[in-house]
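See the structures that follow.
Next, two complexes with subunit A in common: one pairs it with subunit B, the other with subunit C.
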Partner chain A sequence: MMAELLWHPFVDYGFMRRALAGCLALSAGAAPLGTILLLRRMSLVGDAMSHAILPGAALGYLLFGLSLPAMTIGGLAAGMVVAMLSGVVTRYTALREDASFAGFYLISLALGVLLVSLRGSNVDLLHVLFGSVLALDDPTLYLTATIASLSMLGLALMYRPLLMECLDPGFLRLQGRMGSISHALFMLLLVLNLVGGFHSLGTLMAVALVVLPAASARFWLRGVGLQMALSTGIAMAGSVLGLLLSYHAGIAASAAITLSLGGLYLLSLCLGRLGSVRAQRHRPGNDSVSEPMGVSE
Partner chain B sequence: MSNFYLNRRALLGLALTSALPASAVWAAGQPLPVVASFSILQDLTRQVGGDLVTVSALVGADGDAHVFEPTPQQARQLQQAKVLVANGLDFEGWLPRLKKAAGFQGQEIIASQGIAVRALPKGQGHDHGHDHGADKAGHDHAHDHGHGHHHGPNDPHAWQDVKNAIVYVRNIAKGLATADPANAARYSQQATQYIARLTALDASLRQRFAAVPAARRTVVSTHDAFGYFAQAYGLRFVPVRGLSTESEPSARDMGALVKQVREERIGAIFLENISDPRLLEQLSRETGAAIGGRLYSDALSPAGGPAATYIDMVETNAATLLKALQAG
Partner chain C sequence: MGRGGMGGTTAMMQSVPPLPVPGCSVDFELSNLGLGYGGRLALRGVSGQFAAGSMTAIVGPNGGGKSTLLKGLLGLLAPMQGSLRCRYPRAALGYLAQACEVERDFPISVEDFVSLGLWAQTGALGGVSDAQRAQIGAALATVGLQGWQPRWIAELSGGQFQRMRFARLWVQNPPVILLDEPFTGVDEPSVDVLLQLLQQWHARGRTVLAVLHDREMVQRYFPQALALAGTQLAWGDTGDVLPGLAARAAARRRA
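The block that comes next holds the complex of A and B.
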């Protein structure tokens, strides 16, 4: 009986299977990136980047309609421009990374809204801001899967340098170019994943799959690799939960997924093994929250 | 100091209307400045007013009046207008606030006055969390009780029945005559001519739809805006996402719809000019029903398009529907 509630939406409806496949692929790509993002204390940068995509996607939309390649390439380009500019500003001026990101993403966001309002009608903006996880077609699914594969592959290749940069940025800078290359590649992967997520969850909520599962995972496990694996699992569980919630309770799908991820996060926050509310109460004086995690890798 | 509140409103007005002379005075002999809330009313008003009026629309061609953010220029237009033509029936939830902000002083015509209002069907996949742009409309509206049911109980899309459009035209003619009594006779004459065309259109639609077998008259559309049309011409429209174009559908709504299309063997799914086409494409993929084409519901197409006037819009919609229904 219970099992039927879990299975039959996916058995009966193709759009549910497509949504599931899309979300699982997104989870596999985006959640591990979140772990790194969190280690680098850049979780809000993820949010900023998801908004930075807007003008490119909007431009693609205005010129070519709801075209997958146009919106993808546009979003990717806009995201990378913002990432690069912020990187340059951080490196060569007195401004810190968070502030330079904030500056550029706000400009980018405003530019996107401006573009849409210049040419399109008011509905167009909604198409750009909200994805449609219930309407994933073949090309979108292929794109999502490709991004997930690239993302996992890239992360595997850059794992060492990224980790070193997270833990000791000074060391890697001494080693030469490696640091900035791995940083740029990491931003590329992040933007790729946000662009992928944007087609299904929309610019507003694509970043949820990056940040929330990773934040949840760090309440349970210490090693970076373990956290990545767990956050992928949590992202997948949250996606399935959200889709089922959307099906049975009749609520909007992307919001249901984000809220499920949020629920898992709150649960981890309260009950997790490491540095959670519960753990803190058992061991007063424990400061594992502030200590960087994943040192043991 | 006691004028503080007044000053603030004056400032707001100034900000909204930017730095133009307050209300340009309309001199007799010049065309009457009229603002219509959306493109369909703009066309109806043009037909009645002819060269006696200049009509601008707040929500233009291909725009969606459910979700609308007015710009300062539009507030200025409204401020300078002598006549405002609105649909009523809670269709333009944002209008009361805009009127206030723009300091509109002219005459308002509620075009739908006197039609037989159609109640919205209850619980057709949109009985929850659904707010129809009322939030954007702000607080002037009697919508402050935050229940799920923000929408009035009435279907505002009355213009889809050509018989109602005739009532609209009469109301507009009457309103224009009141605002511009010197030309009352010409408004009335132009309205009569236009109504004759609408009457012929209505008769032809009835005849053509009556020829479709009753079993084939079910259609799925993105937007539940064809209630009046369906009622008038004997069709059945199954909405894909309730009345609002803002809300994202839930998986349950989609599932229910897929099931319905499969079970009722609905042959045609229609895209409209204003809703998310991706959902319908998914539906068509899943059920094998054909995507029947594009129906115009709340907005005309831009000039030169297939639905640049009200009559063109109705004709285009009818032709698209008939083609799909006869093929199915």
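The block that comes next holds the complex of A and C.
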């Protein structure tokens, strides 16, 4: 009886299956990016980028209505413009990256809301801000799956330079231009995933799939690859949980998914193996470093 | 210039490089070089040559432009004045930035970290072969970290961390090695191991440049010295450069 609650919504309703497929694809693409984002201490940049795509999507909407290609291309363009502008501002002025991102995304967010309200109804605004995961059509699903495939492929190709860029940027800079290339590609993948996520979860919550699972995984595993795998798993679990919650309790789907991810994050924060509340309380000494072995002196 | 550093070991004195002669035995040629950030000069008027196989300590007060010079030599800063010629492409230069510029908590194993020294061979995608793995093991053994391959770099002490970075340089095996305060915050046994390694590199004809603060160390191990304080104070045999620097510091203290 209980078990049936878990799967019958997906068996009985096509829109739930579509929502599930969309969320699983999004999880596979977005969650591993989050691991890198966190390692680079850029989680707020992810947040900023998710808002930055809004005016582009809104402009697409203003000109072409609720059209998938127009809003996707618009969002993508706006996201890349903000990423580039912030890069330029960071490089040529005294402002640091996070501050310049914050500046741009506040402007974009306001601009986006203004653009949507110029023409649309409140329903449209709600769609843009909070997505419509329970009404995914075929093109949107294909788009989401394509983005997920691209970002996994891209991440695999840039894995080493991306990690080096976080670990020891000075070293990589001497080895050629891979550092800046991989950074640019990473930002592109991030924007792609946020644009993909925005159709289902909305601009405000697309970033939750990027940041929350990665932050949770950090409390359980150490290796970067392992963290990526686990964060994908957590993202998928959170999506399923959220969809079921939304179905049974009759609450907004994207909020339910984000809250589920948040719940998993809080759980990890309290109970995780590494650096969590529990781990800090039960730490034996003041440090976990064991005796070095094989040191000659 | 043929004389060794004051109090240097005999082995050191024998391997002191000959006077730089023009042509291919000069690694860096600087002429009235000025470097800076954001339109402001941090260092000006540096002229001279780093000969191939030379071992030079770069000394001087904080903010005197020592790190700036290294960044200039690496091509990370373009000359604002004068000129700089380097014999090698940038990727051939080995550089150890100050330890604080590396993310110490990053979840990567010691072996993976050292394997980054093989970037010229592996690139972004290539795997690490068994032979290269053995090379990494040998490098770690050289710095006294044998068996540490699977550990996380976050587990290393300051001295061990620096040893690991030297192991990466060892694997990279560049003809020119630039070090920015390599011994700051490093325990004494580690310093001894790493200094030995520097001497080995020097003995094998590598060019070594190091930004250092420890006068005694410079005097004992570095045949050549370059003193900087916003400008070039002196450049030549350590025995000639250091006394002048000390006198200057004393005069400033009196003033």
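Structure notes:
Definition applied: the second predicted complex is superposed on the first by the 275 of 297 C-alpha atoms of A that agree within 3 Å, B and C clash if a C-alpha of one lies under 4 Å from a C-alpha of the other, contacts with A are read in each partner's own complex, and residues count from 1 in each chain.
We adopt the following convention: a residue touches a chain if its C-beta (ideal position, glycine included) is under 8 Å from a C-beta of that chain, and two chains touch if they have at least 3 such contacts.
Note that the structure is predicted; figures quoted are calculated from it, not measured.
Of the two partner chains, subunit C is the only one that A:L167 touches; subunit B does not reach it. In the superposition on chain A, A:A135 contacts subunit B only, with no contact to subunit C. Look at A:M158: by the touch rule set out above, it reaches subunit C but stays clear of subunit B.
In the superposition on chain A, A:L63 contacts neither subunit B nor subunit C. Of the two partner chains, neither subunit B nor subunit C is touched by A:V88. In the superposition on chain A, A:A255 makes contact with subunit B only, while subunit C stays out of contact range. In the superposed pair of complexes, A:Q227 makes contact with subunit C only, with no contact to subunit B.
Against subunit A, the residues of subunit B that register as touching in their complex are 59-60, 62-64, 67-69, 128-129, 245-255, 258, 274-279, 281-283, 285-286, 299.
Per the touch definition, subunit C reaches subunit A in the complex via residues 74, 76, 90-91, 93, 95, 97, 101-103, 106-108, 113, 116, 119-120, 122, 124-125, 144-148, 152, 155, 157, 160, 189-190, 193. In the complex of the two chains, the subunit A residues touching subunit B come out as 9, 12-16, 18-19, 66, 121-123, 126-127, 130, 132, 134-137, 243, 246-256.
In the complex of the two chains, the subunit A residues touching subunit C come out as 39, 157-158, 160-161, 163-164, 166-176, 178, 182, 222-224, 227, 289-290, 292-297.
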